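Below, subunit A partners subunit B and then partners subunit C, in two separate complexes.
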Partner chain A sequence: MDWHQQYIGKVKHAVFHTQKTGRKRVVVSTEENVIASLDLRHGEIFWRHVLGINDVVDGIDIALGKYVITLSSDGSTLRAWNLPDGQMVWESFLRGSKHSKPLLLVPTNLKVDKDSLILVSSKGCLHAVSSIDGEILWTRDFAAESVEVQQVIQLDESDQIYVVGYAGSSQFHAYQINAMNGELLNHETAAFSGGFVGDVALVSSDTLVTLDTTRSILVTVSFKNRKIAFQETHLSNLGEDSSGMVEILPSSLTGMFTVKINNYKLFIRLTSEDKLEVVHKVDHETVVSDALVFSEGKEAFAVVEHGGSKVDITVKPGQDWNNNLVQESIEMDHQRGLVHKVFINNYLRTDRSHGFRALIVMEDHSLLLVQQGKIVWNREDALASIIDVTTSELPVEKEGVSVAKVEHSLFEWLKGHMLKLKGTLMLASPEDVAAIQAIRLKSSEKSKMTRDHNGFRKLLIVLTKARKIFALHSGDGRVVWSLLLHKSEACDSPTELNLYQWQTPHHHAMDENPSVLVVGRCGVSSKAPAILSFVDTYTGKELNSFDLVHSAVQVMPLPFTDSTEQRLHLLVDDDRRIHLYPKTSEAISIFQQEFSNIYWYSVEADNGIIKGHAVKSKCAGEVLDDFCFETRVLWSIIFPMESEKIIAAVSRKQNEVVHTQAKVTSEQDVMYKYISKNLLFVATVAPKASGHIGSADPDEAWLVVYLIDTITGRILHRMTHHGAQGPVHAVLSENWVVYHYFNLRAHRYEMSVTEIYDQSRAENKDVLKLVLGKHNLTAPVSSYSRPEITTKSQTYFFTHSVKAVAVTSTAKGITSKQLLIGTIGDQVLALDKRFLDPRRSINPTQAEKEEGIIPLADSLPIIPQSYVTHSLKVEGLRGILTVPAKLESTTLVFAYGVDLFYTRLAPSRTYDSLTEDFSYALLLLTIVALVAAIFVTWVLSEKKELREKWR
Partner chain B sequence: MASIIRSKSVLSVFFINLFLSLVSSAVAVSSGSGDGFSISGRVKLPGMSLKAFGSPGGKASNVKVVLNGGEHVTFLRPDGYFSFQNMSAGTHLIEVAAIGYFFSPVRVDVSARHPGKVQAALTETRRGLNELVLEQLREEQYYEIREPFSIMSLVKSPMGLMMGFMLVVVFLMPKLMENMDPEEMRRAQEEMRSQGVPSLANLIPGAGRS
Partner chain C sequence: MEKGKGVMGSGRRWAVDFTDNSTTPSTRDIADPPGFSRASQDQDDSTLSRQKKDAEANWKSQKAWEVAQAPFKNLMMMGFMMWMAGSTVHLFSIGITFSALWQPISALQGVGKVFEPYKDSKVDLLGPKLLFIALNLGGLALGVWKLNTLGLLPTHASDWVSSLPPALEVEYSGGGIPLQ
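After this line comes the complex of A and B, so read on.
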């Protein structure tokens, strides 16, 4: 019924731990700030830690063979984790004054007794840290001499290190330091007129290569024998065109380095005469691993090249380009895109020769282990970075289809039945049992690929940061299809933003497959041109994609569909023009009819303005575009910048269903909910209190919440919470809004609820008026009208910090609602809406109690059993999606972050179906027993009657 | 007029004193060093002695300590200690995220005027802490315990009660009828017949015909 999947994200660094016998593992750090130890045999997670959002990992290594060392938070936090179980052993904080490139170096030979040193260069300082307890042994401040450290180099077979760096952009410094005590042995400096830029590549322990400021000259810097010497080599002298973007790629190959020029890479070797020569030229898609030292100081590195649908992995010994240790070619799914990173590791084959395995990070963030030309395991780690989720119905089960399938695989069918027969006769071998289970799983109710009667089976379509779209089956969470979005030539770095349901056929066009619209943009800024892609949700094929000329600041699905059930969408560009999609004449005619009914709003959080817009006219321009429209501003609300800053704006879910407007209270009274689709909740805080919790004084912090009608711009409700601050998490549903914020005075989190009631319909309860027809129940509901409203609010304490809030949604909106609160502990708590009812009072009357009103308490209860995630964690929780099932009592919940979690919830219990643990056997047994009892008693009574007659 | 103002100020001073005396029982837990302050404390989990901590599968490796709703996240050392460095003076909130346990968030005040003076209080119970040792308020059971199967639960269910009543009617009622005096029975039956009310005895074949 529910499933939980654990991911880690796109791998940045990887360190193998395979020396000892026993469990072989690889320790990785990822772009989701995860540190994990993976089983090298199967790719499973041994242990995993998700660091804080700001705690970006800069480097990892293994020290003493038992501790994983991580450097994070821009080189300010150094932690050691126990390798077998992931327990943190120690934590050190490194201080410094200036930003510099964080570097982590765990030298293998710097040992004092059982301790070994860890060298960290960060924030302008070099620290030596003991690896046993994290104690900082010595610190050397280079920032005082305004030197920016570029590289820390360990000299072989000695306890001396070199530290090289720049002061300004042209002064080169080389320090020779005793690593044991931090004593400065030698300091050399020299100026280079050309200046330095970019990364440095270390080619040997006393030579490095960098670029000058013109990016056209390679500068070889050697600092051996206490002398610094520069040598310039023009890129053009190497026979290369140096125009364009030249970059030195960081690598650790001995005697060789890589330069990236435009879209190709050059491998350049430093010859024994200190000359540079080009060894090889490859296109930019080729990836090189770091150097790996194996037996007796031999070095090797891996080069991964693309060739059609194949990926060629070659492992070359260091310095010798033309020789290959291993050459393998593996078939690669093109949905994985290009290779982004490769890490290699060696192992001893049974014949004592060296074998190599490679860990490959692909463009779609997946992680593969390749050994002996085969993919041993892979992990779909793009699912750790979900941006947006939507759902799609599965195809309807058709009679003909299943029959055809059986005939098609008659042999398979027979084999399956033979297996099952074997299983029932207890003749099955363990493999057979596994096969039977696989068949059962395939044909089991929950993971079928067709629509079910209750609407439990759905496809979850997720969009990830890797630009890959996955369809997950809601039954067991398996990936049904995945698609890496096509990258056009025009756009170099596309980013994806949102998913929309483009076509959901259910009445017409039943033979069409549903499809989703993916909106992205080319670049990071909001003014970048938009990209649209349409993806079929059954087949997972990209139907179409467009590179638009305009940007998409806002996307609005309209409540209209055309004859093929394609939903009309409006894209707002940065000039406040709107563009209609799909670009068909039918769409335009539908749009023309509704021309005057289209309104929307925009929130400019930076300027503190909320504006309402309407369509004005067709675009005036040289190029006639029928699908482009000018807009006008209808209203605007300007918040005073000096006292209010917008931190949250939440509107109702467009597809939410409300069962009834009326709410009957215990006094036989009727209250009418104010239900409007055009409600916007806005929260503003004092600018001083917009920082982290506790940064402001209660007296200078306030939180103001607004409820705004987005058609007329009318402020329906305004309330100020003094001494409160954000972050605000809010959810708006039916006629109520619930929001979570921090109360500085009580120093606790609070949750407030506000309910809105329509006062203009309140007089309708007079029977006489109803009889005489003087009621206004038949008056049309209009978004333009300004009904009298009243609001009721109440506030409660809530213990935890909150990461996300959602509300359950059901098919008809009859079932009572639950709030789903993603807590700081990465759990999802289901809280009945009845706890957040402004009509709660300390002593409810008997009638109110019967109505289900809970006595008022100052804080909301946290009942452990109501955690929907139970004892699981959805690490790095970011969002919660609720989708109604067809069954009214049930709602489907999908929580995502680094992990994924899916479950079914019944907020008012499953009143319309039997629970899964209903015992059909007991029911049958009872029926059989009753029938038997009837017969027995009948026979008994017959006998007795006979006896009576004989008497 | 002036006297009133003075008396008010005296009163407020008194309140401040009272407040200070109340909280000053919370002893300073950390010292300021370098450019920021540090907050360090300890999380105590039940059933976890110092020895048990290092063992694999120990829950301490899955405990996170969160400052200010996610601004900083740190983990526990084997002995349960944690620390946050480089903190600004002011009020902070520390939360402990541990599966299976409910921890109250802790309010920590770092004083700017007296460097290194730190006060802590549980926000749930408003209890001041002498030292920053965090203990769980309660354990959390995420699963409802399934009622074990028993005959009594079967009997107590509506179906069981119905069956029980049926058995009583089928087997005990005729017995009761038999024990009645036949004369009395006949009289009663006649009475009933005259009233025309169908009796239970009529419905039961054996007893009705006797």
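After this line comes the complex of A and C, so read on.
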């Protein structure tokens, strides 16, 4: 019923640990701030730690052969983890005044007794840290001399280190330091008139290469024998065109470095006469690994090149380009895209020769281990970075399957049922029991690729940061298909934004496959042109893709569909023009009919303005575009910048179904809910209190919540919480809003509920009129009718801080609701909405108790059994999606973060279905017995009547 | 009922009545002879049978009244049972209420049948029938009242609006914080 999957994200550093055989592991750190130890044989996770969202890993290494050292949080946190089990051994905080490039260096030979030194350069300082207990042994501040450290270099086999850096852009500094005590042995400085820019590449222990500010001259800096010497080599002298983007790529090859120029990469070698020469020229898709030292100082590195559907991996010995140690070619699924990173490791073959394995990170964030020309395992780690999720129905079960298949399945079906019957009647032999177990384990019913009666089987369509779309089967979580979105020539760095259900065939368009719309953007700025892709959810094929001329800052799915069940969408560009999709005449005619009833609103959080817009006219422009419309501002709400800052804006889910507009209270009284889809919840805080919790005094912190009608801009409700501050997490559903915030005075988190009732309908209480249908309760309403509303609110303490809040949704909206709260412990807690009911009182009357009103308490209870995730954790929880099943009692819940978790929930128990362990055999038996009894008694009574008549 | 049948059964299978029972002399062309008293003659002739008939009619009407009053006892018992059942909805109270509703209805449907045995030209059955119907209607009313106290009758506004779907909205709006 539920499944849980663990991921790590896109790997950015990897350190192999294979000194001892039998412990074949690789330690990786990822873009999702995960540190994990993976099994090299199967790719499973041995242990894993998910660091906080701001705790970005800068570097990892292994010290003393037993500790994994990680440097994170912009070089300010250094931690050691026990290699076998991942327990944290120590943690040190490194302080510094100024930002600088965080560097981690774990020399193998700087040993004092059993200790070894770790050198960290971060925040303008160089720290030496003991690897046993994390004690900072000495610190040297370079920021005071305004030197920005570029490299920390250990001189071979000595306890001296070089620290090189720039002061300004043209002054080069080289410090020689005794690593044992931090004593400065020598300081050299020299100015280079051309100035420096970009990364430095270390070519040998006393030579490095960098670029000058014009990016056309390679500068070789050598600082041996306490002397700094510059040598300039013009790129054009190497026979290369130096126009365009030139950059030095960080690498650790000895005597060689890589320069990227436009679309290709150059491998340049430093000859023994300190001359530079181009060794090789490859296209930019080629990736080079770091140098690996294996047996007695021999070095090797790997080069990965693309060739059609294949990927060529070549391992070359250091400095000798023309020699290959290993050359392999592997077939690569084109859905994986390009190779982004490669890490190599060596192992001893049985004949004592060296073999190499490569860990490859692909464009779609997947991780592969390649050994002997084969992919040993792969991990789909794009699923750790989900941006958006939607669902799709599975195909309807097709009729007219071939006879052989039917016979086969019929036989199987009969066999299965015979076995089950045997099992129920306790006649099963041990083998049969095993077979029944196997059938249950396989539970093919769960993972079938067709629609089921209860609507439990669905496809979860997820969009990931890797621009890859996956379809996960809700039954077992397996990947049904995956698609790496096509990258057009025009766009270099597309980013994806959101997923929308484009076509959901329903009644008359049954033969069409459902499809989703992926909205992306070419670049990161909001002005960047949008990209639309349409993906068939059955086949996983990209149907169409458009590079638009306009941008997209808002996407609005309209509540109208055309004859092929394609949903109309409006895209708002940054000039506040709206564009209609699909671009068909049918769509435009549907839109024209509803033209005057379509509005949109924008929340400008930075300016503190909410604006409502209406569609005005067709766009005026040199190119006539029938699908483009101008809008005009109808209303605006301007929050005073000095006292209020927008931190949250939440609206109702457009597809939410509400069963009834009336709420019946215990006294047979009726309250009419104010149910409007055009409702917006906005939370603002005092600008002073918009930072961390504790950054402001209770007196200067306040939280103001608003309920705004987005058609007219009318503020329906406003409430101020004094001494409260964000972050605010809110959920708006039916006629209520629940929000979570921090109360500075009580030093606790609070949750508030506000319910909105329509006062203008309250007079509809005449039974006779209601019986005769003489009321206008179901007539369409307009926001301009300005209904009178009343609100009821209540506030409770809540123990946890919250990462996400969602509410269960069911097919008809009859079932009572549960709030799903993603807690700080990365779990999902289900909390009955009954606990957040403003009508709760300390002493409810008997009638109220019967209605189910819980006596008021100051805090919301956390019942351990109501954790939806049980004992599992959805690490890095970011979002919770609820989807109704066809069965009214049941809702499907998908929680995602670094991990994925899926389950089915029934907030009011499964009142509309029998449980899975219901004994159908007993029911059948009872019915048969009853029918037999009816027949027998009928015959008997007939006989008796006949006898009576003869008397 | 059995007794009634007995009365009928014990009588003659068929009979021709030669006596002239008419009391109005005007119907005859010839006047009665002098000294002839028609009444006295009749009495003389059929005193016995007439008395018997009267007794039978009396008895029938008495019985009909008794039958008509029978539902009253039923009513009392039903009332007691209802009081015992309480005002919460559960199997027992619902069963009693529905039987209290069903009994009068079925009785009312069979009014004709119940009084058939007492049908007689001399017996006026209208009174007993009305009483019978009235008492059964009383029983029905009691049942309905009980149904109402159980809250099973749609007499409140809440019973009629609880399934009203929310009103449709004329306007549509979308938007929010810009995508990023």
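Everything that follows uses one rule, which is that the second predicted complex is superposed on the first by the 858 of 951 C-alpha atoms of A that agree within 3 Å, B and C clash if a C-alpha of one lies under 4 Å from a C-alpha of the other, contacts with A are read in each partner's own complex, and residues count from 1 in each chain.
We take it that a residue touches a chain if its C-beta (ideal position, glycine included) is under 8 Å from a C-beta of that chain, and two chains touch if they have at least 3 such contacts.
In this text, all values refer to a predicted model and were calculated from it rather than measured experimentally.
By the document's definition of touching, neither partner reaches A:Thr213: not subunit B, not subunit C. Once the two complexes are overlaid on the shared chain, A:His870 sits against subunit B while remaining clear of subunit C.
Contact with subunit B, but none with subunit C, is seen for A:Gly86 once the two complexes are overlaid on the shared chain. Using the contact criterion defined above for the overlaid structures, shared-chain residue A:His800 touches subunit B, although it does not reach subunit C. Residue contacts after overlaying the shared chain place A:Ile862 against subunit B, while subunit C stays out of touching range. In the superposed model, A:Gly52 lies in contact with subunit B only, and not with subunit C.
In the superposition on chain A, A:Arg95 makes contact with subunit B only, while subunit C stays out of contact range.
Put simply, subunit A touches subunit C in their complex at residues 497-498, 519, 521, 526, 552-559, 570, 572, 594, 597-605, 612-613, 649, 651, 654, 658-662, 664, 668-670, 672-673, 675-678, 680, 710-711, 764-767, 770-771, 777-783. Residues 151, 154-180 of subunit C are the ones touching subunit A in the complex. On the side of subunit A, the complex with subunit B involves touching residues 47, 49, 51-55, 76, 79, 82, 84-91, 93, 95, 692-695, 727, 742, 744, 746-749, 799-801, 803, 823-827, 859, 862, 864-865, 867, 870-871, 873, 926, 930, 933, 937, 941, 944-945, 948.
For subunit B in complex with subunit A, the residues that touch the partner chain are 34-35, 53-54, 56-58, 60-61, 64, 66, 68-78, 83, 85-86, 88, 90-93, 95, 97-100, 102, 104-105, 107, 123-124, 140-144, 159, 163, 166, 170, 205-206, 209-210.
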